[in-house]
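Chain lettering (A, B and C) follows the sequence in which the chains are written, and residue indices restart at 1 in each chain.
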Amino acid sequence: MGVLHNLISIQDLTREDIDMILDRATEMEEVAALRSKILDGKIMACLFFEPSTRTRLSFESAMLRLGGSVLGFADVGVSSAGGKGETLADTIRTVERYADVIVIRHPLDGSARVAAEFANCPVINAGSGAEEHPTQALLDLYSIRKMKGSIDGLHIALCGDLKYGRTVHSLAMALTEYNVEITLAAPEQLAMKPSIIAELKRAGLSVRVVNDLDGAIRQADVIYMTRIQRERFPDIREYDAVKGRFRLKYEDLELLKENAIILHPLPRVDELDPRIDTTPHAKYFDQVEAGVVTRMAILDLILS
Amino acid sequence: MGVLHNLISIQDLTREDIDMILDRATEMEEVAALRSKILDGKIMACLFFEPSTRTRLSFESAMLRLGGSVLGFADVGVSSAGGKGETLADTIRTVERYADVIVIRHPLDGSARVAAEFANCPVINAGSGAEEHPTQALLDLYSIRKMKGSIDGLHIALCGDLKYGRTVHSLAMALTEYNVEITLAAPEQLAMKPSIIAELKRAGLSVRVVNDLDGAIRQADVIYMTRIQRERFPDIREYDAVKGRFRLKYEDLELLKENAIILHPLPRVDELDPRIDTTPHAKYFDQVEAGVVTRMAILDLILS
Amino acid sequence: MGVLHNLISIQDLTREDIDMILDRATEMEEVAALRSKILDGKIMACLFFEPSTRTRLSFESAMLRLGGSVLGFADVGVSSAGGKGETLADTIRTVERYADVIVIRHPLDGSARVAAEFANCPVINAGSGAEEHPTQALLDLYSIRKMKGSIDGLHIALCGDLKYGRTVHSLAMALTEYNVEITLAAPEQLAMKPSIIAELKRAGLSVRVVNDLDGAIRQADVIYMTRIQRERFPDIREYDAVKGRFRLKYEDLELLKENAIILHPLPRVDELDPRIDTTPHAKYFDQVEAGVVTRMAILDLILS
């Protein structure tokens, strides 16, 4: 089939693979505007064992803009896998007979890799467990490259919940392929896993760890914000204290470098002052659009 | 883009706008039968924050018959907006990157207008709160015009729950653009809001208010029935009494004008004797089909 | 329209009808690989009043591979029929205005036939109550014919839950059109209904009834396994005892005829040793693919 087969972990990709995907995504900007029939007749199965608006609709939009079709489920409740105790392996060996590519989101770590092992058709990981969300990492890289011209040489601050957020895990691992400076800004309770910090250092990156937003945003070219979820905290007062320290206020923009950009995988709660939305720093909705072209590139590289 | 941009409230439309939509819907009768590729490559996002079979499937059928594609969610439970506390504004600013037009149904009054304010793409209100359901009003007008030849000069009786039913609110407001006589027949507890009655009178229409069906149906050319929901009544005996008074019986047909038509936005419970279904008065299933061509016209006017 | 109109019960089909469908399914193997536009512009409505991954996605894949489109609901919770008390008849009379064919799954016996009575468009039964699942029976026949060359002359063992499983009911009735030997292997609590056994005998078939797997598999050319559901048993110990007796073990394969095939409508729980999956006997995933071409044939015969 295509140049790519599966896309399970960002760690399976070389710098060359990533560059190829990002270059193809750039070409997809035009295809997205014009629509096309590149994947006419191809069927994408979306198996969402966890609800998600954004990722699912982004993949569906990408597939439809390439002329393909979509089937699947948005909620495990409506699938056999939910009610009838079917194994993931059996679901995959069934659905591969219905589709040309399987896009899977699943709450368990490693589930997408299991799916790929059992599938004869290509499998794309749309988020598995707390570890992996490779297409999010790729669209983040695409956004950075598009908005800043290149990724190498930048100072990138990853901020907020670095412990449970799978997007920051995949993005951090992707950044080991680049020559960047990294600041990790998280509350103690939500710090980045030591193993990922070790990977960043092994890749030769300069890594700084701080535990408030203030210390992270002044030198950063890219401020990557994430949502801090209340349910991570046993004590609501602890949550309130942390939340306040990791909220980007409108006044904070003065501290930013002139061309610094703010990204966020969304959805957000209140970690970004809404007045930021209309400033040139705010790029999180353009990032949504980057998601469509990046996923068009991935689908095209896998299916064409 | 198209001739229309958003469609949020029937009150945003002039008589000329309405006539243009109804004329286009008439042309769509043929397109619906033949199918077409007018909107090939276009994507419609359906965001249903409230469940609905009829309205959602009607829009989807309209879009598919024009050659377009559909994505979205049918149930807020499977969206971020449900589980993750995302604002409507953020959902809209995200989904507009995935689609060419957004069709939204939402339980809160004013929500469709908020959506339109934040969207760069066109927004169609598929029912918001208790106030607005403009595409239903347009398909009701289309049904009346098609089945009776014209709307002006008719006597139209709106019957049943006139307090909570958003379809009768939008239809009543639409009728202010026409030269019609109106009878409002509702139980006291479910009477039409004074503000809407005032609007009808201000438009110069003759308005009669009655509180049983009997008084409404004898002179009407169009009998527009609605469902009376049990949950509106604290006391079940009160509900039973009212329900009996607003049920159209087969025997009642004798009282009707010879060419009177019966419409109903559906779903119905038992306000229409099933024996009525096969009489020439019953037009509520043809009204369903009118919904498809009316929505085809709206999508075409917005997207072509 | 097409050669077929509705498909409600396997008993509505003659041997000639079945042969025509299976022959068309054979031709669809090639169409499935190449994709086509045979049903371009046609719309299939999927009304699933009971959740199902497999059957729904199989129908959707079939329709998409023929170039058609799909709308509907996967879960009664998101439909009016769920929340608003609409009758099935009204749902059908509405949805037929949105689509060219209705595919319905419903928990009540007879519901698909009711749907067909009220619909002006064709209706396909995708499983109704405990009695009927005709497209499953047809894909089972197609699988047997494809894998064994023909159906006549074979010894077919139906094993497991023969009481509640609608697939085995429809398949047994379909087999009355063929010259086959049948073994029915079920625990006493889950035995095949006497009326179906009587039908098989009336058709002149040799029928043997046993109550363990061992007695069924030695002479069979086709071993049709089904899931035994825990919820059928008031006493968990009884379930465990039965389950053990109706589990096909890897070691059992030695007892099988050399070219015997194992089918299963899926999903399965643990009635098949997973080591069987990779043996040439295991045909249950090929059976999934047979489902797509069989349903393509049915849709084509109905809509072309």
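Observations on the model:
Rule of thumb we're sticking to: contacts are C-beta pairs under 8 Å (C-beta built on N, C-alpha and C of every residue); 3 or more make two chains touch, one makes a residue touch a chain.
Note that the structure is predicted; figures quoted are calculated from it, not measured.
Chain-to-chain contact here is organised exhaustively, every possible pair of chains being in touch.
Both copies, subunit B and subunit C, contribute mostly unmatched positions to the interface they share, with under half of the numbers common to the two. Note on subunit A versus subunit B: their Cα superposition corresponds to a rotation of 120 degrees, in steps of 5. For this pair, subunit B with subunit C, the centres built from the Cα atoms lie 40 Å apart.
Under the contact definition stated at the top, the residues of subunit A that touch 2 or more other chains are 75. Listing the residues of subunit B that touch subunit A in their complex gives 40-43, 45, 69, 71-73, 75, 77-86, 90-91, 93-95, 97-99. Partner subunit A is touched in their complex by these residues of subunit C: 34-35, 48, 51-54, 57-58, 60-61, 64-65, 70, 74-75, 227, 266-269, 285, 288-289, 291-292.
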